[in-house]
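In the two assemblies presented below, subunit A is common to both, partnered first by subunit B and then by subunit C.
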Partner chain A sequence: MEKKEPISRREFLKDMCFVAGGSLLATCPWFSAFAQEKETAREKGRVAVIGTGSRGRYHLRHLMNDPKAEVVAICDDYQPSIDEALKIAPKAKVYKDYRKLLENKDIDGVVIATPLHVHRMMVTDAFAAGKHVMCEKSITKTLEDTLAVYKAYQRSGRVFFVGQQRLFDPRYIKAMTLIEQGEFGPIEGIKTYWYRNNDWRRKVPSPELERKINWRLYRDYSLGMMTELACHQIQVGSWALKALPNTIMGSGSIVHWKDGREVYDNVSVLYVYDNGIKMSFDSIISNKFYGLEEQILGNKGTVEPEKGKYYYETIPPATGMMQLLHEVETGLFSSIPFAGPSWVPETANENKGEYLLGEKPKEDGSRILLEAFVESCITGKQPEGLVEEAYYATTLSILGDQAMVEGRILTYPDEYKIDYLNHRAPAPVAEVQG
Partner chain B sequence: MGAGQSIYRETADGCPMWYGWTSAMHTRFDAILCGRGQEECEAAFRRMTEELNRLEKRLSRFDPVSDVWKINALAADEPVMLDGEMRDMLTAALEYGRKTEWFFDITAGSPARKVHPSQRVFLDPGTGEALFKTRGVQLDLGGYAKGYAVEVLKKELLEKGWRDFLLNFGNSSVYGGGSRPGGDGWRIGVEHPERPGFNVLEVTLRDNALNTSGNMPQHTEHIFLPVSDRYAKDTMAVSVVSESPLDGEVLSTAVFAAAADGRPVGFLRNFGKVSVYGIRYEGLFPVVSVLW
Partner chain C sequence: MKETVITIRRKKIELVTFLICIAVALGLNVYAIVRYDTPWSELYTELLWVVVWGCGIYVLWSLGRLAFWGVYRLFRKRPGTVGRI
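On to the complex of A and B.
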């Protein structure tokens, strides 16, 4: 396979420090994963990928391009996936049973990209085997399982990453930095949506494999759009608002794809924060016009990190002034074209916004997320905040589904709170002396 | 008038740079302030927006509570008492008319066109009153106010010790104080109205102003030509580089009006050191000529 030449990690980190204006660790404490990046320059993290479907192979490609990662093994119980994965990592040892893979002492960490319903079992087994773990989101599909995984992680002393790649995405980092700096005023609400126009099915070679391959469509395996899509987007809420919602309501239905699936194809969920701010998640998979976005609405401006853009609320800043600022920042010298006959609102273009990074986005955070995991496999140090962000992305997705299924307004249950932001884990119950 | 928004940045070598913008006088006002902390910049910009707000309220001919509206409504029937600032402003504006052979005229476009501009407004230096000498006179300070505002704001900044800053009022009135961080002055381009990002003319400002008057393809017929008694339709522009933003504002309008009617611009000798450029948008490439 031809290797791409992406920007080096060191360049990326330098860029990120610049993007965050010196406040990278305040905005993204999980970047502490790279704190010993220089000291570990000659070391390698030995990793394995469990689940070599499309997402697993995507991770595998990134790992093969990471000079600090050594891909020791791969595991899947579906031979076509193994065959494809071997084209990417031909030297990897192949396992059909993940338990056997976990017995391999040459593996420091495992990347789990299997269907959701087996996450709890695999993650807790991996911790029990002393492995560091990166698990695809969502963590699990029930509150109980998610808390169990979180507690297993706490007991293990191992590193735990979850595939919330927005946490490492330069567009989101810049957006959150600007939000923290108050650039858009107080955040008044967040609207997230993910629209597609397809049946979300994978090709099934024979009918008995339907549930194995299209596991996302069945409730025994997945909560559909909530655990597969919403989980990414509602995580932005805790990052931007530095708070967690306590009230959840929603409505879901199967409107278009009445093909035997059990999960909704049309959902609207609302998360209400204690101060009255709301975050919505909407998804329809029979219309794709609006695509996906997280619109973070401030009193002075709006951010659309997925597009990599932001917009000011009143009149836009002058393009020429923005260019001038950018040139001064980056040490460029040119004549900035903006002077001319008087600018009047009628002659102004519509508010097309500004790019967060001064240009169109090039990549999301998946590669850096994996590199951070490999780095943590080497150092054995857990970066701050990452698990907690993922824990709440998962539990809020699950609660969104529960609110829709039960058709009622839910309050975030105290017993599933952990110590993060405005939530506190319940105090341990004292034993009553008889 | 907008509440104003801002962006704070630091250059690679740590020089603070602050950009604030707001809507004012039916256009956008931008200020870049360099070398001081965010709070100080915000305070300075607040002061600037207050001043713009105040001037807009005084000078708008569309606002029934403005001074200009009041003068326009009453001065044909009775003398209107002016305060010191208004008296000085009108005196200076009429003097600019005289010095530009009335190609700059704050009463241009008035229905009273048969009366020579020099005979339309009487300012009594003794009483401080204004009186229109004939009916149909209307003051329009639209072509004056932005230059006046930039002049006032720039003076205030200099008095308070600011050195490196850029003021931009609607792109037509620009003042570059000192220099951009890491550079020598502020390099500004006059942009082609139909080709965004393309410079027609490049100027480096160091404690001086760049003013441009002209028609944009989307916004024509807003400059009145006193000689031919019509609004200019020509797609052309005049840019003036001068020490005073107010001189530049007046001269860009006056030279445009003269040039559009094919008249000489000898009145420029009544002013100090100025550079004047004419831009004609003909065909693919605009023609730029040095007029003075």
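On to the complex of A and C.
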């Protein structure tokens, strides 16, 4: 069996420049993270991973394979996770308290892959300690915390990355390049969905660890599918439409997994943009037939970046000969009640679409996202747009949940707007002169 | 099993028949292009299909001929059978 070797960063960047047709930085300004790639060739970013659960270890593996990354330390308060992480990074120094890790002056940046409810505390502490931060999505689970993290990042002058790996995924980059070039006409709507058929539970060695391990299922720690799944897909909307929605509505319920969980297992949320365009997010975790996708619907075509394919609205008709044959065949068999047409030439012209990259997708953007973070740890330069994309992915996920919980149509609150796309941060209140 | 001979005349007839079939297929292609308003480039891009259609027409024509001559032979009075009781 052929072994899949990840391509080198330089090759990847070359490929991306080709994919984006020279407009890579216009479509994905965050790729400026690699602007000094050559100059930093001999340097290393010293990083630590806080939270060595499954996602943390996934990042750890990528970091260990990045020649520019040096994994200095790991941190977790759950010993089995530390033991597993040490198998990947045996030389890493182990911490049980992240605050102690932050005191380590040999660390440039931290990758935070902990449960959602502790993100704010850890991210702001890391900034206060002068570390660069890459935090898993979502940024936090409340609007207040997300804004607080954003402001802490602005004050810190440090680099901040969030685990929105689609921003570094070649399929998405190609899709957005084609959208920007008008290849699919004006985008009229986006339908996103994420279907699974499993209970989303992890095995718990003893009952007191239930909430620690299955934190995604409880509202004190997570907003379930909105902060864990929707956050990825909603972000595609602002990227494709270059706009942010202002109206949010939805409905959520626990339909199938009535096992004591507090988060919905069946959600449907609608985001409405000022020009009337809508983006929907649907998720059911008791049926996986349709899998996950973001269907970006243009007037002239459709993109499905997850599948890595695009489809034009009008496809070339069948050749004259085929149409003639079809007509003869239909005429011949349609009068025979028991014998339907044995074959229909149009099926050869069924809109099967084209691959965005000319082949089936190989990997998502997680590896490149981490490499970009390590690169930014070396240069200390924050790539443009990255935090803002993640900020809105998080706040829109939170508002989606809020709309479902409260059962009402929400308007994006002005106080949580930041300067990005069509949103403007509220003017600071002038100090009262006394 | 007895030896059979394909005469030069028969070969010529079959070759001409086949060429006529190809020409008919080519004509059908032109007709289809005009009828369905498809690009004239199909005149050469569909050449393979023209050959396939030509072969198909030739096979159909051959089957028709076989059937005709089969029936013809069946009902034709054999020489020497008249008056034999």
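Everything that follows uses one rule, which is that the second predicted complex is superposed on the first by the 396 of 434 C-alpha atoms of A that agree within 3 Å, B and C clash if a C-alpha of one lies under 4 Å from a C-alpha of the other, contacts with A are read in each partner's own complex, and residues count from 1 in each chain.
In this section, a contact is a pair of C-beta atoms (placed from the backbone, for glycine too) under 8 Å apart; a residue touches a chain by one contact, two chains touch by 3 or more.
Owing to the predicted nature of the structure, the values given are computational and were not obtained by experimental measurement.
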| item | value |
| --- | --- |
| Touching partner for A:Ser54 - first (subunit B), second (subunit C), both, neither | neither |
| First (subunit B), second (subunit C), both or neither touched by A:Lys300 | first |
| First (subunit B), second (subunit C), both or neither touched by A:Met321 | both |
| Of subunit B and subunit C, the chain that contacts the larger number of subunit A residues | B |
| Partner chain(s) touched by A:Glu183 [first = subunit B, second = subunit C, both, neither] | first |
| Which superposed partner A:Thr330 touches (first subunit B, second subunit C, both, neither) | first |
| Touching partner for A:Tyr312 - first (subunit B), second (subunit C), both, neither | first |
| Which of subunit B and subunit C A:Gln79 touches, first, second, both or neither | neither |
| Shared subunit A surface residues [contacts with subunit B and with subunit C] | 317, 319-322, 324 |
| Of subunit C, residues touching subunit A in the complex | 28-29, 31-36, 38, 42, 45-46, 49-50, 53 |
| Subunit A-touching residues of subunit B, taken from the complex the two chains share | 2-3, 5, 7-12, 17, 19, 21-23, 26-28, 30, 32, 146, 166, 168, 170-172, 174, 180-183, 187-193, 196-199, 202-203, 210, 212-216, 218-219, 237, 239 |
| Contacting residues of subunit A [partner subunit B, same complex] | 21, 181, 183, 300-301, 312-315, 317-322, 324-325, 328-331, 333-347 |
| List of subunit A residues in touch with subunit C within their complex | 317, 319-324 |
